[in-house]
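Letters A, B, C and D name the chains as they come in the text, with residue numbers starting at 1 for each one.
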């Protein structure tokens, strides 16, 4: 079995999730796909990255990603550093002939993401993007129901990613609230996942129009930040929030379906509601990531007196990935989406094919993000073919 | 179309519910069953009963139920006075050849309830008992699924009637907490409904064993009482609570199913959770009266990847009673169970047959209530055939 | 107590709902507001209207609404005929000095609705519009929480009215699918309710942009129609659907909140999901009319370890209207919203004030409807002050 | 930091869960408690156990548990072999001075479990039993609410463990259906978890009475079995099912609370519903393991108009274990309960104290199991002090 020696850039929230996934593969999916080897991890703080290497199970630790890219004993670069660093690392990795896994969003701009795709294609390497929610078993079931025609023609897709972690005006100005690093706020961070799910489940969009809002325009400067939590310095100096707190948009799909999207960090009570609903001519499905093991499914063809949304627990042997884990009814969590994601990556490498989703999906998502932003700036419908 | 001239004893909570039902029939179920005429209402307080007559739409008001029973222009006596008065009125009504509708519980003892049944049968009158929950469209759907075999052989029935209205120790000693008037506490008031649903949906029981508790043993004397609310005199004299606050029991059904029942007025947060679940060899159903328009339904024969409890909204034309009310998705409430109940009464009279449920069902329920009480007193399983 | 003698135009779905409400008032809300007298009902089919009069409890029946408007013994005209007839009747009623209750939408156009408001104001009569969903106890609770500041500053309002009754392409071309009678499709029929709830709960909108779709463009001609059900003539001639099957739109409120709306008749599995969510700086509320007795409520100020959406059953004495009905935990249904609506009408007449909502609310709603339509036609944001 | 060298007996369902937990500790809970070393795993099939060792990350593999117990380089024996083997291994481990982790049920009989406790205490080793459900963050929250008095005096505990994996009569006779290996059926396998939760959350029981049923009395002999799935040989020879398919029982707690329990493998639609509800004088909590990240919480002291069960997502920093995993709103699954369980084991060893739950809890649970069985056999209430 092929081995894939991985060098990972980033060791915070996503670094932890990816490490856990690589470690889980040989145990839960033995013999399925190439075998990941956790060769080296990279971060700027030498002490912290060394600790993370030990804690997460990486053989080595470095402080310069260029070193990682330059090493012979590395086959794949996993990029989960802040978004503004994605492009440079990916281009270097491609030039060095390394396979690339890149967290979403692919880049800060559509142009950059296209450059990344071109570089990866030219180099002939495998490339994948981290739209991990595709890999929930319940989402896989939704995909199966759509693709097999059991929902009929799709009329509606509505999707929401609702969080509330910056509702407090004293929450500090972390990097996710700064356009130059994050590229975008709720739209790029949360909306990107919804857009990818729309592409995955419904198809391409024809045009979009959106609106956005920054409810809290200034925040305390952050002393430090980790993952999604941070401590601010109340009473101290403030800085400008340069990204959107909330964005919603309408879309028309090429297949005639209507789309409705909202991403916000100002929905009190929603820690991380990542939900969608699809309505088709023969049925509907509903998903909410806070209950990620469940898919609600409705069929118009059910007998008249017992029609209703079914709460399907996607933990049976009939559901993708389920048998690798625990008996029916025993649920999995957030981290498992990454394990399934990395499984696809390892299988694609083993089978010498591009993983899915890959940079093409990243570019497509970026095009919608930028079309939405343009539609907001120019207050008009923007067609995707403009982009 | 036959007219049924009604004399009703009682004008509080149940009196209001029955009056509303009689008034609704000609409007929502025109031409279906005999036509109720609201001839006279009876209560001991002349002023209050007169006001109720006007408010509820009764042609007359009297203060002595004997007068009502004695009148020639009355065909049916509707008894919803406190439980300790049921028997005497029912016997007199039967003797006078009147049809009888009696609220549950039929009587304070099994013996009394048997006397009532015997009297009604001897008199050849129609008799009905007020197990109104049978008449929820969602419960009717459950019944249909059981009877048609779509749930297969029944293995389990578990049922709960959970309330919290006397959780506060300062809630006063209303009549429902006094054995000599109410006969029983949570068991007779709430459990009786569960027992009837068990009989209706699963069948007869073979044996039972229970336990009960009175958590608050003394309460302020009540100044007055209406329906389920009352004002106590905090700091004033207290009296003994002589009924059970909570009772639970196990049952074995004649068909081999296991039963589990709990009735309590001490379940914080449950205003009136009247719920049951049935598990059969081919499927299951779940019902909760707080969401009375819904029945959750599961079938083992559904395709493997989309098995799950369906949330069926019993408001479609395919569901009993639904077309008489509003379009699909437009719900009904508590009071409608009484309208459907009185519809059955009027149809039975029109068709010259006994309504269902009738005093036989009341006696059967009383037998279980008394068997449970005996099982508690004697700390042993009690067979229904003992009773 | 003042009596209000009512003449009602229309006797189908809404005529039944209104009649039931007028009948319920004296029983459940005695002495509260003027007393409705069901004087006469009007419809074009003499036999059918006569039957409805008897069934619903109206003293008389006529076939020409002009006769009704002209009668001295009528104080109030209740208009629930198809939408294209609203204006003419309302103008005549105002001219005759009658109070007016008009079902939504007020008229087919904004201009017409303004004429109706002007006429009613000039005549000095009471005028009300039938936005019945305001009168759900759970919605009243939402209103109380917003107005009292318990939700803080409002950031988001998202609302959906999802139905599926015309999903079948063979469902016939009933009047609700014809622009010349209905004025609008899902937007005017369903969206109008959402818009009114937005006005009621959040405030005025600044600008909107929408999109809409007619998924099934031709349908069998209807043989007849009642309420929301109808029988089509499959295989027979077809006609053009001239209204929208689905419409969604974005809104920006004057207070800075973002709005998101969708109305559709193509959401499989949704019989009548009329739902909204409000997110504020201090809390959130969620409502779904299919579970109309419930409001989900979240407060940011709850202790950290027990924060979560509360499922509040709005049937306690602490909730508006609840004490008039049944004990806590005993639910009400769709029809009760009309009873509460007519209660407001009768109270307003008694107190000599305009009811709420009235024609001003109807005009305001119509302005948004027309702004959305213009935004669809002209593919641009439309400001409400343009209208 | 102390190291704990582990030898594990068993490598199927539970072996996988335990291995995963040991591996997760250094990554997610670094520096917390002793450090587990996965020294050797034991199973009878040499090839299979060797494969499991590699797959799960154990340094060595042996085929005789005696060898494991005899090794100097092992500090702790983890017993997750079938239940009939627990006692012998535990006694040997204690005699060898090893710490012991034992899966539930501790033994096949109360007497055996007492012997095990005595042996462990005499040897002065640490001992723990695998009641993993205690370690759900939502259950920890329930415990905190009870212990801090926020629920007041406890009146009710009702608990259900509902599964449906042997509903099909053709499902084969796996070891869990054979009394001589499993000791008990649904009661010991599922009910044991409920009993432990009752002890943990409410306290000791005074007396119990139960009933049980074996619905399918003969089943095809199993060709093999893994975890909870198996393939039967339809049409082939059958064997006797010697354990209960379903058991329910009533309990009275020493503190006056009433208990109600049901464990069944015949509840169609329930893959693994492990749920309980506690009602106290000041509030209630509800838990369902199929939605294990959630606890529903109700407080009587909430303001009157917003009382309702709160859906608390136990993923905030305010909840136990949560910060070690993912940001708020990002859920965990079944396997994480084992990680937390092993964390307690490692912390107890580090702190030189007995872990909780330990063999004392296992004995206490076994006493209830045996009391329930006796109550079924003798058809009478059995007091725990009899046992």
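Throughout what follows, a residue touches a chain if its C-beta (ideal position, glycine included) is under 8 Å from a C-beta of that chain, and two chains touch if they have at least 3 such contacts.
Values in this document were obtained by computation on a predicted structure and should not be read as measured data.
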A-D, A-B or B-D - pair sharing over half of the B-C contact pairs: A-D
Most remote chain, CA-based centroid, reference being chain D: C
Rounded Å distance, chain A centre to chain D centre (Cα mean): 35
Between chain C and chain A, distance of the C-alpha-averaged centres to the nearest whole Å: 41
Chain C and chain D, separation of their C-alpha mean positions in angstrom: 54
Multi-partner residues of chain B (each touching 2 or more other chains): 270, 307-309, 313, 316-317
Chain D-facing residues of chain B, complex: 151, 155-156, 158, 160, 162, 164, 167, 209-211, 213, 215, 246, 248-250, 252, 256, 258, 260, 262, 264, 266-270, 279-284, 298, 300, 307-309, 379-381
Residues of chain B that touch chain A when the two form their complex: 141, 144-145, 294, 296-297, 299, 302, 304-313, 316-319
In the complex, chain B residues that touch chain C: 13, 16-17, 19-20, 23, 26-27, 30, 55-57, 163, 165, 227-229, 270-273, 289-293, 313, 315-317, 325-336
